[in-house]
Amino acid sequence: MPQELTYREALNQAMREEMRRDPRVFLIGEEVGYYQGAFKVSKGFVEEFGPQRVLDTPITEAGFTGLAIGAAMAGLRPIVELMTFNFGILALDQIVNNAAKIRYMSGGQLSVPMVIRGPGSAAHQLAAQHSQSLEAWFCHVPGLKVIAPATPHDAKGLLKSAIRDPNPVIFIEAQLLYGTKGQVGDGEFTIPIGQAAVKRSGRDVTIVAYSKMLLVALEAAEALSKDGLQAEVIDPRTLKPLDLTTIVESVKKTGRLVIVEEGWRFCGLGAQIADSVYAAALEYLDAPIIRVTGEDVPMPYSRPLEDAAIPDKARVIAAVRRVTYRT
Amino acid sequence: MPQELTYREALNQAMREEMRRDPRVFLIGEEVGYYQGAFKVSKGFVEEFGPQRVLDTPITEAGFTGLAIGAAMAGLRPIVELMTFNFGILALDQIVNNAAKIRYMSGGQLSVPMVIRGPGSAAHQLAAQHSQSLEAWFCHVPGLKVIAPATPHDAKGLLKSAIRDPNPVIFIEAQLLYGTKGQVGDGEFTIPIGQAAVKRSGRDVTIVAYSKMLLVALEAAEALSKDGLQAEVIDPRTLKPLDLTTIVESVKKTGRLVIVEEGWRFCGLGAQIADSVYAAALEYLDAPIIRVTGEDVPMPYSRPLEDAAIPDKARVIAAVRRVTYRT
Amino acid sequence: MDRADLLSLYRQMFLIRRFEEKSAEMYALAKIAGFLHLYIGEEAVAVGAIAAIRPDDYVISAYRDHGHCLARGSDPGKVMAELFGKATGLCKGKGGSMHLVDAERRFMGGYAIVGGHIPLATGLAFAAKYQQHDQVVLCFFGEGAVPSGHAHEAFNLAALWKLPVIFICENNRYGMGTPVERAIALYSNVAETARSYGIMAERVDGMDVLAVRALTQKAVEQVHSGQGPFFIEAMTYRFMGHSMADPAHGHYRTKEEVEEYRKRDPLLLLRQTIVTNRLGTEADLKAIEREVNDVVDAAVRFAEESPFPEPHELYTDVMVEE
Amino acid sequence: MDRADLLSLYRQMFLIRRFEEKSAEMYALAKIAGFLHLYIGEEAVAVGAIAAIRPDDYVISAYRDHGHCLARGSDPGKVMAELFGKATGLCKGKGGSMHLVDAERRFMGGYAIVGGHIPLATGLAFAAKYQQHDQVVLCFFGEGAVPSGHAHEAFNLAALWKLPVIFICENNRYGMGTPVERAIALYSNVAETARSYGIMAERVDGMDVLAVRALTQKAVEQVHSGQGPFFIEAMTYRFMGHSMADPAHGHYRTKEEVEEYRKRDPLLLLRQTIVTNRLGTEADLKAIEREVNDVVDAAVRFAEESPFPEPHELYTDVMVEE
């Protein structure tokens, strides 16, 4: 019978099961060992797997990410934990110029089976350098897969798939999701990379949202259903390769699309989703697609300003009303 | 009377004039001094301005870009030359977390007036790590302006504006443009940041293209006009802030849009331009917008493969025919 | 030793201590949120070093920056208001605890990417040299930043170009939960890192404010003489957790260890110096503490009573508008 | 000294020399494009170091990688075909001169981001240690990579975790047009950089293939003994320009300087050793050279006659497809 777990526990289980299954898998990052992880995701790992497989690193993201890439080239299966993806910018050259390209440059001789995971997006009042959603950058790069699960179940199933995937996978979590609870199918299961999930079905409008924003979208959909607007809520779960088929099918049914993303608007992933949907289903659209996004400003520290910078239930509801002309 | 200059000479003039005008302006980067610039853009600079204002650096992009940001915070006007933007990935944390955010985080107390310039995009057969178009990444970040001129005249006028701008400006050139020639208004002139230019007017279709791709688009437009298809070709020149008005006006007239960009398709700048145009002019569009982009693969070395990876005249012509249903 | 001088150093250190104890209370009351990193235990480093420089010199630090900002003379009310996220804060509430800036006092900011501000410091020093001013730059960072690449790139540039920057490594033995032995290969001699760039480097007791000031004075002279950067490894200790999210003594260090270090509390040490040298009485010190308590209470009141930023402030200060 | 041994070292060095002279010709004929960085003058470093390791050890280098790849035993035909961008190239024509890879021979690649492969080398060493294999990793890079941040982060990790990696700094005095004095603060003693991480480091005459091999053997032993990484600073010189775009003696060095160094041409030095020690005659060496010339001509023919990749190859090898 399924278990109720937090997102954090689901990630912990996924890594634990995979590390038990495959001795080539190891975890490396800042504070992942004796500290149990900055956000306690690797609780108990160094105790179970020992410091050879659970490695605390100095604060050198390029160094230890590059080290993990090299280890993957030699046949290991590293899981790199970035304390947050903000710090991943320092490892970006390693990720983009090495991890993503080595297979291609070597004409298929080498491969880089690894997962780079950690929280992206804003938490509460961590300010500009610690509150960024950078998934669009990673999605832009050929050779990478990008995953951003919203629920404990998806987090577990997709992380297990990511660890088994023979390619470099960017796995984006969220600090504000770690404590959220949900039913997780127990025992052995994986979720295929590249499949979206219809999280709520409806006929009036399609809402595409991922990571934290899925929860916001579902709340909005709930509220809207009270006054008779049935929103279909789709979570791509994998951002790249994107499951466009599922999204387009829904849009063909509803004729209306709202895309919710927490990151900056200009050149955000939502722009690509919109472009793809317009190209695939223009004639089915009864209204222009509406994007609900973070504001195009560095994240302010002050609470009221931060709240105003991030999409919330009210903004999603307003967008749905506009796209359905129910204003 | 206007002079015919190469793109390289135009950049050289722009920097030279600004360095003569303002002693706070200095040039820093790899080989910019005694070597005259890896691509000879700063020819004669160390001789004229001396090694105090023309600084050759070690191969430490994060270090010298960060140094330039600090110098800008203290009131200087640095021009950072990245030998190519591929290496800028190593300075991205400095650019994104410091240059772009310091004004905001300080509540307006500090500012970072600087230009970060160098060639982006592919040259000939430089392979995966040296052939990337990363403008979409920079465009995604609030606090940065992004410019990518295609002609010597625009290069000179916009670089002068960038150097005078009190904000951090990303200025993207192209190795394959350095040798191209064009008329450049002589004497003192600048071109305002944020203004697109209609490079060719026409009524049948709008083509938006920037940097190298503008030349490809113009060739295609020329060829198309021979069989009676008049394309209006628009160069945004400044990618952020984007002059959407000029693009939308044209689209309202032609009803059709083709966007040409050299970079990777998924989450490329073209997706944002398409999204913005759909949102602003959906009812004016007689066909879905077509994007002509680089292929979503790391750049191969082999010539025929590289040629196939980058948009060319034929592909632009084909796209225009499709968008105008003249196939 | 001069009475007024030592008492003023004590006042500065006690101000930081008191200010941060209050901040912790305010954090518990949810008046302050986000990350709050306390400097308690390390006050002698900021106060000693900053006491050795001029008002027109530059100071820059990491996210554990309250101490440096207050030692630089920023208004405690504006600092507290910033922690509260209020419009009257140093940065209008946009920066918060990790990003205090007081440009007027040449406090060029706190930065939250470990090591990321070290190249900036080098750039401030470059600007001083370029403009032929004789300013110096004090750049504070934790030992955890020492292995980071941007730090090394900056060290090399500073040494290569003989820039007037003083690197002050606050070696408090831990980077979050990681002891220096597990972070830096040559942990026993962090200053050696600087020497490998030909940078003159010395270690100092970071609990002794007078020793820190003396070494910084020496460093300033060397820098003014044009010999280039100086590296100070200040041996200190953090009495509280890494941040409010971290207990004072996590698994990574024992209660006993913390107690041991508390015996060398920098305020205690200075107190003793003052009293044993008859430069001040317990009463003098108590008087200072009372005065500082009032200052801090007033700071909290000011922060409390200040308004939050107007909604439109979300969109200002992104760019310089001309 | 053993005749067969020295002659085979000579053959390897001559093969690299001849192969690259041919590549330059082919570049002039536009059979090869992009960046072509010649190793001519530095052959003794790759040949000497690689002669000291086992087939199952790892080798990784920067973009000036023809020498390391050929010294590792890769088929000159496949290497030349790669430079031609042909389907029969080591990497199917996708990598080119800067990204040669021969996984079978544990040549893990040439990389074009200066210093960017040094963390990878550290990871290969990590894998060897993790799997309890006793392999070592040879990581070649230019002195220009030494100040780079990722190099330092890798040095620290390698030292901290005692990883079996041998860092071989090919100090050819220039990074493009920048002399080492203007790039590295402590240019006079680059090895000091490694020592500041507690890494054992030594300098060697990079023109003397036997000296390079001897030091590398010593390094391998130390690494096998579990004492962790070793750093070799090989003093060498590039006889040609930085790349085909750069003249042999640009503004940054004189014709005379190049001539001076050419007197210590590593092939010349080994020739002398062989002849003066009566281990081989001029005739023996000529015979080797004739044989190698044929090999290189055959390599060019193979490259010439090979087809370009099929168009669909553009889309393969982006991901491992299951």
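Which chain is which? They are A, B, C and D, in the order written, and residues in each are numbered from 1.
As a working rule, contacts are C-beta pairs under 8 Å (C-beta built on N, C-alpha and C of every residue); 3 or more make two chains touch, one makes a residue touch a chain.
Remember, it's a predicted structure, so these values are computed and weren't measured experimentally.
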Shared interface partners, meaning chains that touch chain A and chain D: B, C
Most distant chain from chain B by Cα centroid: C
Chain B-chain C separation of Cα centroids, rounded to whole Å: 41
Distance between chain centroids, defined by C-alpha means - chain B, chain D (Å): 36
Distance from the mean Cα position of chain D to that of chain C, given in whole angstrom: 46
Inter-centroid spacing, chain B versus chain A (mean Cα positions, whole Å): 30
Chain B residues counted as touching two or more neighbouring chains: 58, 60, 62-63, 86, 90, 93, 97, 104-105, 127-129, 142-143, 296-298, 300
Sequence positions of chain C contacting 2 or more other chains: 89, 91-95, 99, 111, 113, 116, 147-150, 152-153, 156, 160, 182-184, 318
Overall pattern in which the protein chains touch one another (line/ring/star/complete/other): complete
Sites on chain A touched by chain D in the complex: 26, 52, 57-58, 60, 62-76, 93-94, 97-98, 102-111, 113, 142-143, 145, 166-167
Residues of chain B that touch chain D when the two form their complex: 30-31, 34-36, 38, 56, 58-60, 62-63, 86-87, 90, 124-130, 295-298, 300-305, 308-309
List of chain C residues in touch with chain B within their complex: 58, 89-95, 99, 101-104, 108-109, 111, 113, 116-128, 130-131, 149-150, 152-154, 156-157, 160, 316-320, 322
Chain B contact footprint on chain A (complex, rising order): 86, 89-90, 92-93, 96-97, 100-101, 104-105, 127-129, 132, 136-137, 139-143, 240, 242, 263-264, 266-272, 274-275, 278-279, 282, 288-291, 296-298, 300
Residues of chain D that touch chain C when the two form their complex: 147-153, 155-156, 159-160, 182-186, 192-193, 195-199
